[in-house]
Structures are given as structure tokens and as C-alpha cells.
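Shared between the two complexes below is chain A, which has chain B as its partner in the first and chain C in the second.
On to the complex of A and B.
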């Protein structure tokens, strides 16, 4: 592990070993970047075979250099060099498109060669960095950074591409009227009398905008937090106060399970529930959601905001409960016990000591819950609509997330989204601003909480 | 002075409110069990056959004419979980190691903030970007056309990729992007729960950081690592938006070479969405048996989720006992 290089640098003499290994490290890092480019663009495939042969030759040179100057046989380097040369031969002899095995698609050569380049140049960079830093134990640590940083940069590049593309696509066709007008696609029937006979003409009422989707998202967030705040806080209090009892164990398990089981299971239950009431009854309107169109006719939706937010709050309750539990358990025992020792009742302690102390935690949980409610689509994507008949708790559910989802399936879902289909990235940008804004605020609050008084 | 308060004090109200999750969970379980009885009694073992297609259900249903086999969906679930975990878990491990053992101060704080912010991205954003990634990456690489078609030689065969920018590999990769901000904090907690004294003792004896990580941190954090892996699998199992958008809503049968990830093999959650579906035009064909099959598939997911949750709570208890 720590074959420290004995040949210490002699002052006044050029240290060829150090210069040489640093140069090879730089070449290996360049090979990693080129490998990523080969994976990204087909036209970079020309340089893959020469790159692999060069890498193999450099690795053999390092091996010989170390053998000559240090009398150490690092056979790993020889194995890596052999792998590099073999994969160079492979990537040179492959046809441009790979086919066969009945696979639906043809795989470009650059996928294979790019993966081979990365697989050889990342360990190559680690080894050459190790020898460039003279093989000390600390050098062994530092030589592991290329491995870690490679994984992380490749993931972060994907996230950066997502965010940049959404900002670019969202601002491309942006105009203000999208946020001030609600989407509408109805037909207004006008009755006129001619010669004593009625005649009906239909006038299409069309409007492009996402005001109803934005207010729908805010409505879902509001209703969800109103429903889930009392339940989540009480779950947190009960689980914390009666820890160790069987009932609190059951409550804790089922609260965690609600978060962990698939949202689609909740959606199945919601759909079974929404089908229960009969047409025309009171609960039919409450569950389905209703509104009045331009002709004054009642229109039922697939589910109301109230119904949807009851089910979304099942996903938010665990978040708030966990935050409340954390807040209650962070209360220093001496404050709690001091209050009880002064003869204050348990309820009074709960409301005047424990809950005020954990209020910032609860607010953090609520913000995370709001971000969750804005983006929660698993439950409502089968139960939403356009929501063009107004936004109140008993109207048809709609949200920005549903608009984005529906922009692909607007035909199969049978909704006439029409012109809004072009603004899916604008909707994604607004949704991203809402959710990331709430998450960031929650993180800032959490960071301030960490600095709080933690007891004697 | 009031000694005994009435029954309707604050604690009772809290207790009643906190029983709501228990009631909800038991109602959901009961609904799935009762809903799946019809499918099990009608179809029996045909539920696991290798053919799935939506058609008009006859009034007198003959099990042989109904195609509600869940085998393709189960295979699709397995493929999606395999791809997403294989991509997401090493990256999360690297992030957690870099944040904990290989950096101090600014870098680890920056990584934790970045992961916290990224965890706020809702799944539908990844689903939407899946189609963009498909045009950027999958068409030039797997179909031989698209952005780089000018420089490329002409196609050796007509492209066979699905035309609506969807395949199993894409769904798995986009799901991996969702999983990374979910798994990394769990792994971070697991690494942080290892006592600092152990690490410091190892470092002070002259071992370097990599050796300490290999021989002290990872063996001690192993229950936590397995826990976060299982929770990641559970999230990948239950995710419905990304897989519906990036893979599709139904699969007729197993892909012809079974490992072919360039076809569309819709997982269980998409199949449930199709069969239970509120507004999908195809789901208007689905009759009572199809709805019941959706409940049965949901029940399968629920059973797997309960097993994984049981294992994770056992592991968490083990971790606590080790620390105490």
C-alpha cells in the first residue's frame, strides 16, 4: 500500500521522475475529458483508438520507469496497459454501428469506446497521480480524488444540463400574458330569435395561459398544509411523548410506511373512492369537483382540490411528523424538567415550552411539505384536468406538474390543451422555482437551527 | 385547583388525530386486498402469464381470452431498478465519501447544500427532461440519426427505436437522477453515525484516509449502507411518473432478448396507472377484472414495501444498539 519512493529529490538537480509523472497525470486527465466527449458526441469517435494506444504506451513507460528507478514491479500498471491496448484494437476493429441479438436499435461504436476510455483513464490517472506525489500515504489519499470527482462531476453535469435547459426553454417563448390569463377552451352557445324561431350559434371561447395551473398548484399547497399540519404535529408529539409504547410504535411505523409505499397505491385507493358516490348526490360533487362553464351548465371533473389534497397530505404528514419529532427531541432536558419541577402541568409544558421550541422545525417540515405538494403528481395524475371552470377547493384539480405531464399525453388523456403544449418548459420553470425556492428556504432555516442553544 | 381534567383534553385530540395515518394505511391495505379478490378468483395463475393487452372485457369473462399477465411488468420493474440503482448508488457513495471522509469545511458543506437543493426537484421535471436527453443522446447513439446525422455514414438498417422518445434504459437513467439526492443523505447519516473516536484512533496510528475508510468506516456503517440501498430500491420500485413518461404505459410481452433495454418494458407502476386510470382513453375499455388486476399489482408492491420496511427497521435498531 505504501511503497514510499526512496529516491528523495536532490537539490540543484532536475527531478525527471516528478516532471514526467506529472505530465502523464495531465495527459490522463485530458484522456478522461476526451472519453466524456466521445460518449457525448459521435464525431469524437475518431480519436478513441489513438487515445487508447497512447494511454497503453504511457502506462508501460511508467511501469518501466518505476522498475528502473525504484526496483518495484507494479504489475497492475502492466495489466492496465494491456487492457488499454486490447480495447484500442477492439474499438478500431468494430463497425461503426453494432447490430445483432435482435436488439431494437443500433449501437454506435463510440458508446463502447467511450466507456473503455473512461474505464482505463480514470484508474490510470489515479496511479500516475500517486507516483507524481512520490507515493506517500497522503499521496495515496489524494490519488483517490480523481475516482470520486469523476463520479460526482458526471452526475452534476446531468443536473446542470437539466436546469440550464429548463431555464433556456422556459424563457425562450416567455410572455407575461401567460401568467395573467387562465386557460380556456369552451364553446359559448348563443340563442337568437329570428322570425319567431330560435337559432343557436356556438362561439369558441379560447384563451392560452397558465394562471389556473399556477393558482391550482398554490391551492394544493395551501389545502395540503392546512390538512397535514395538525395531523403531522400530533403524530410527532404522540410518538415522542409515548415512545416505547406499542401504540406509538404502530403510529410511527404506519406514518413512515405511508411515505415509503408507492404513491400509485394511494392513487388506486383514491380512484376506487372517487367512483363510490352516485351521480348527482352531494358527495359526487365534493369528490369529483364541479364548476360552471360559460353557458351556466354544471361540469364535473375527475376529482376536487379538497379530495386530491387529502390524499397528498398522506405524503406530507410523515415529513411534518419527522420534523416535529426532531424539534421535540432537541429540547434540552433541563428546560423541560425545570418546567415540570415548577409544578406546571404536562399540557401547559407542551404548549408553552415544547411546541414553541420546535416551531422552527415544524415550519421547516411544512416548507418541505409544500414543495412536495407542488411537485406531487403520482396521486393526482390520474385524477386531474384542465381546471378551466375556476379554482376553489371544490373545483377540478389541476397543477403545473399535471400540465407538464399532460403535454406529452394530451391526446391520450383527451384534454384539449392546444396551444399550451408549446409552453411546457415555461411551466417546468415556474414549478422548479416554486419547489426549489421552498426547499432552499427550508435548508436555510435548518442551518440556523443547528446554531441554537443545545443545553448545558 | 383542578386536579382531574375532562376526557376531552388536548392529549386525547392529539391521539385521535395521530391515529389518522394508521386508519389510512389499514384502509389502503384493506381496499387492495378486497379489490384483488375478484382478479385472483377469476384469473388464478394467468395473472403471471407472459401476455398483456387491453381489450373489451366480455360480460362472461373466460380467463383464457383475457390478457392480464403481469410477468412483463415484473421484468420491467426488475430492469428499471437494476439500471437506476447501478447508476445511482456508486455516485451517491462517492458523494457521501467525499462529503464525510475526504474533505472538510467548504467542500463538504457545498456538497450537502447542493444535494439538499437538488432533492427539491420534482419527478415530473426529470420525466420531461427524459425526452430531451433522448433527442440529445439516444438518437445519435442508438438510432444513428438525429443531431449528428450530417457527419455520420448512412444507416445500415431502418431505425427501430420507439418513435415517442421512450425506452427502458432512458427510464432507468432518469430514475437514477431522482435517486441520487434521495440516497446520498441516507448514506451521509450512515457515515456520520460511525463514532469519530474509531476513525481518529485509526488515523493517529498512521493509517491513511482510504485505509481508514476501507477498514473502519465502511464495516461500521454497513447496516446503514444496506438500509439506504434498500430504501433506494423501495423508491425506485414505487416511482410512477418518470417510468410512465419515459417508458410507456403498457407492454405486450417480455422483450425478445430479455435483456433488451432499448425496447419499452413498462414496469408495474405504469401498468397500475393504465388499468386503474381515471382519464386515459384506453382505460375506458378496462372492465371490473382489469381494475381488480390493478389492485392485485398494487398489493404486490405493498407486500414488497412492507418486507423492505421490516428489514430496514431491523437494521436501524441494530445500528442504534451498536451505538449504545
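On to the complex of A and C.
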């Protein structure tokens, strides 16, 4: 491509060429934006054929300016122009709906024409930018920017779409009382005496809110951290410091294997374990989770917070162990030996030099673990319930993830479950805020720890 | 020099209270060090005089560092290192001592400065705090930094991270850190190899200032440094002791031709 350096500036016409190519670059960028709009909204499809014809014409104009020294580069350019015109014809001749007809049609042709526009205009922008910058070696590098920016934006667009969707749906239903009241759907049985006979009337106790789901999510995070942090850190330390090559190999392999086990397999084990204790026994309560309803009756759930967090910990421990091990091995051997050379014991070195050094790594592991706890879908789906009888380690598991998952099911139940069915997006938004909040906090903590214990 | 003749039990007492000690003498008898398949040191007999500075010189790979690391049993941490023979610290076999207690008596300064990721003050107090020595913290920080010729430079920034210091200052801080637990012997493993000439000069000053108070064994590649600093020189070649004597004598009138060649830089 560097051969064309001489081709770009033509004596006497240099200014025109430059202005033309800059203008064409701008039009190409506009074409990219329009192409994205065509992909997003089928109503924009009317502009796709004219857009493609214009693109082709502009590429031909560039070709005419630089025709004097025809190189392989220019052949590509004219091929692109030809492709633009051909795809303009194609997009115009496509049926409006690709599958089915008219009212039954399901795939609009903008799916194809939008892709065609992007496929032509992105390299078109690259080419016109290259000639606008007069084909210098630097222009060769810079002309790749439209392509890179396009890929970056299309990656971000997916995230943006998810976040905009959730914020849009979530804020629409947002109400303060959701965060101050816990969800309840119970019947209070009231016993009255009439003419010497007891009569029972039931009064429904209904309350809409997600306080119990929010505190449940936090409870899961807390319990999971409390269980998996000491175990994970110990495993990491043992693997790095004390275990021989064979033992550490075995532990390494099993932690990696545990990490790669799908959560659903653990969940299946969990729901079988939960059935083991006899009804009414101590372990039944501990495994199932229990609470008392408005009538003072004991109610068992699917599984307790404690039980669920033990199982989530099985997923989190390998993460923390690995992070700890990496942190420990990032400590220069010199510093470790320097401590031992002072006659300080291995344990003291571990607690005062090695672990403080690897704290940032451990925090990262814990952060990933908490995210896992908040959204460990399979385990939560199989082990959670509505959790309306309170939030303590022995109550029934509930979390925002369960609320999001189950609201479709609740919708099918009609209005027996109150207004909560509408709050799927609100729950997703709150979960998003909790996760992002924790991540930010962990990042700040990590930076401070690194500053304090690594002197970085 | 007075040789310490206390028994093991009172050594343990010393480790707790850390009374001021006399410089200790180290003697090796038929010392053999081998890694899994190769012998690094073969039959070494050497007597490091208490309170003096002994330089160990020799070409790369002759076992200088291995010898030094085996004197405080740090070589045990490397897998596959076997030590045969005897190393005596004040007449006591170190291979039968508790390695932790031994290392409290034999401090070490490494080739690359290795301050702990803590503040300057905490670096010095790390040893005394870990060993639970009952001493005045401020006083020990001051005296150690003064001995390492750092006090004037650092007295206003004791709470700064040790990583912010220059390489030379870091190395002298490592010396100060070693002094804080009051060892009898200090091993220096090429302490100036990473330093610029100015830092080397101040390092040498602090080494010379500690003469008489501690037995110092310094491994070096720098002939000038060995000549300037040491009282005795041991020339090691291929794991054996070729020549050992007073510095002036070894440098001006060496007994063996290999020594003369090495000192004059004609060694192949």
C-alpha cells in the first residue's frame, strides 16, 4: 500500500483532492451511522439503496482521482465500489419480509441491507481516510481507526443495549416502598366465636416489596464470603507454601476441575442432599430453612441461606484459592528470604509479609466470588424460594436473582402474588447496582491495599 | 577476641531478651556442599576471625554465595542442597541448632536490596517486633539508621514506603534492618553489585563502621572493595580454598600463582 504514496497528491489538484476525500470520509461515517440505524429500526430501511448507490459513486470518484498509477490497492477500491452498487440493487430487490408474507412476516429485510451498508461503508471510510491523509505510512495506520472504532462500538453497543433496557424498564416501576417493605402473601386465619361455635375467617396479608430479596442477596454474599474466604485463602497458602509438588498438583487439578463443573451439577447434588434429613428433625430445619408465618406456624422452605451459601462456596473457593496463590507467587523470593534471614518464623512471614502482599489479589478473588454469589443462577433457581418469613442464616434462601427468574412464573398465577410480578426489571436494576457498587468498592479497596502493602 | 562459650539453653534466653553480644567466630570443618548431582564446595576448612571483616573472592560459580548461604542455613530452603561436615558458631555446630535461632545470630544482606513493602520505620522494627524483643522502638530505629549512615538522610521521612528510597539507600536500610536484631555475624552477599559508585562508597563506610562490633563476611567481585574493606581475604576456586590470609599480604604478595592472576584480572 505504501507504493501509492506518490499517487495521492497530484500537482495542481492537491487541494481539491484533499477536500474531496475529507468530505467523502465524513459521508462514509454518516453512512456507518445510518447503517447502524437501519439495523436497529426497520423504518430506516428506505434509505439503504440510495445510501449504497451514493457510497459506490463516491468510491468511484476517489478511483478517478488516483487512476494514474493503478496498483492492487486501486483494484480493491473499484471492486468495493462495484460491490456497493450491486448490493444497492440487491437491497432494493429484496422482499420486505424475508420469511413469511406481509402480516405474518417475521424477518424484515433491513437485517440484510443494514449489514450490507455497514460492510461497504466501514472499509469505504478506511479507504477515503487513507487518501485524505495522502497515503503516507502514518495514514496507513490511521486509516484502520474506523474499522477498530466500529468493532469497539459494536461490542459496547451490546452492553449499552442491556443497560439501557434494564434502566428503562426498571426505573419505570421504581418506587421507594419497594425497598422499605418485604414481600408478603399469606392468609391470616382468625378464629371468632359466634353463638358458642368457633368460626374461622381468613384475612389475606399482602405486601409488595423486595426488601427481603435485597437483604437475602446481601446475606448470601456475606455468608459465602465468610465460608469461602478462610477456606480459599488456606488452600492457596497450602498449595503455594507447604504442599509438595505432587499434593499441590492434585489440589490444583481438583480446584480447576471444581471451577469448570457446571453449577447445575452442584445444584442437583444440593437438591438431593436437602432431602436427606427426616421431616421435623434438627437438620431438616438447618437444611431447608424455616420461618414462622402470621399464624405462628412453622414453614419450611427449599433450602436455608446457610445451605445455599455452602454450595455457592464450592464455586467460590477455587477462585479465591487461585487468586491467593497468584498473589503469593508474585512476591519476590528475595523479600521472602529476607524475612527468614532475620530469624523470623515461616508463619510470621506468612502473616506479616506474604499475605499483606497478596491482599489485593485476594480482594479481587473475593469480588468475583461475591458476584458469583449474587448471580449463581442454577443453584439459586433450584434452592431458592419466596422467602417471606425473614432473613437470617436459617431462613429460606431468597435473592434478587430468584425474583427476576421467577416473575414470569408469577405472571401466570394472575394477581395472587400482588404487584410484584411487574418488578422484574426493577429487581434487575437493583441487582445491577449492587454488583457494580461492590465491584467499585472492591476496586478502590484493592488500589488502597496495593498502595499500602506493595508501596506501589 | 573473646569467644562466647554459653550453652544452648542460655542462647534461647538470649533470643528472648537480646542482650548485647560479642561478635561470634565461625569455623568450618571439612565442609562439603552438594546440590543433587554436583559438588559445589569440597572440603573447606576456614576460620572467620571474630570482629573482623573477611572478604570471599573468586570467579563466578566457585561456590561463594552457596558457602555464605549455608552459613545461616538459608541454603536449606533451596531443594536438593546437602551440607556435610561441620560449621561451628562459637564452637557450636549450627547444623544441630534451631535454624530460626541461628539466623537471629547470623544476619544477612542480599545481593539485590530487598526491603519489605512497609515504611522505613516498620522495616527496621520488623525483626524486633517479630522476635518480641523488649526494646525501645524509637531508640533502636535511630541507632540502627545511624550505624548504617542513613539517619541524617531519612530522619524526617521514617513513615515513607521503603520502596521510595534509592537503591543505595535501600541496601543500607537492609543493613540497618539486620542490625536491629543485634546479630553476632553479618553475611554480605555482593552488597554493592547493584549500586552506583557513590552509594558503594557510603555502603563501605557503614561496613567499616561496624568493624569490631560484628564479624562480617563479605562476598564480592570487586577487588578494590575487597582490598579497601576487608581484614582477611579468602580466595575460593572450584569449591576449594586456594588462599587465605591478611588482606595486605594476599594483595601485595600472594602465595599462589592463581591468586595473583585472579587479583590482577588475568584469570581465564
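Operating definition for what follows: the second predicted complex is superposed on the first by the 403 of 456 C-alpha atoms of A that agree within 3 Å, B and C clash if a C-alpha of one lies under 4 Å from a C-alpha of the other, contacts with A are read in each partner's own complex, and residues count from 1 in each chain.
Here is the rule we use: a residue touches a chain if its C-beta (ideal position, glycine included) is under 8 Å from a C-beta of that chain, and two chains touch if they have at least 3 such contacts.
Just so it is clear, the structure is predicted and the values come from calculations on it, not from any experiment.
In the superposition on chain A, A:383 contacts chain B only, with no contact to chain C.
Of the two partner chains placed around the shared chain by superposition, chain C is the only one that A:338 touches, whereas chain B remains out of contact.
Of the two partner chains placed by superposition, only chain B is touched by A:263; chain C is not.
After overlaying the two complexes on the shared chain, residue contacts for A:140 are found with chain B alone; chain C is out of touch. With both structures placed on the common chain, the touch criterion links A:93 to neither chain B nor chain C. In the superposed model, A:195 lies in contact with neither chain B nor chain C. The partner that reaches more residues of chain A, of the two candidates chain B and chain C, is B.
Residues 5, 9-11, 13-15, 17-22, 24-28, 31-32, 35, 90-91, 94-95, 97-98, 102, 111, 113-114, 116-129, 131-133, 137, 140-144, 148, 151-153, 155-157, 159-162, 164, 167, 177, 180, 206-211, 231, 234-235, 237-241, 244-245, 255-257, 260, 262-263, 269, 272-273, 276-282, 291, 294-295, 298, 301-302, 305-306, 308-309, 313 of chain B are the ones that touch chain A when the two sit in their complex. Within the complex formed with chain C, the residues of chain A that make contact are 332, 334-335, 337-345, 348, 352-353, 356-357, 453-456.
By the touch criterion given at the top, residues 15, 72, 74, 77, 100-105, 107-108, 110, 112, 114-118, 126-127, 130-131, 161-164, 174, 177-178, 181 of chain C touch chain A in their complex.
Chain A contributes residues 1-2, 40-43, 96-97, 99, 101-108, 110-111, 137-138, 140-141, 144-145, 147-149, 151-152, 154-156, 158-159, 161-162, 165-166, 230-231, 234-235, 237-239, 250-251, 253-258, 260-269, 271-272, 274, 302-303, 314, 317-318, 346-347, 350-351, 371, 374-378, 381-383, 385, 401, 404-405, 407-409, 412-415, 424-425, 428, 431-432, 435-436, 438-440, 443 to its touches with chain B in the complex.
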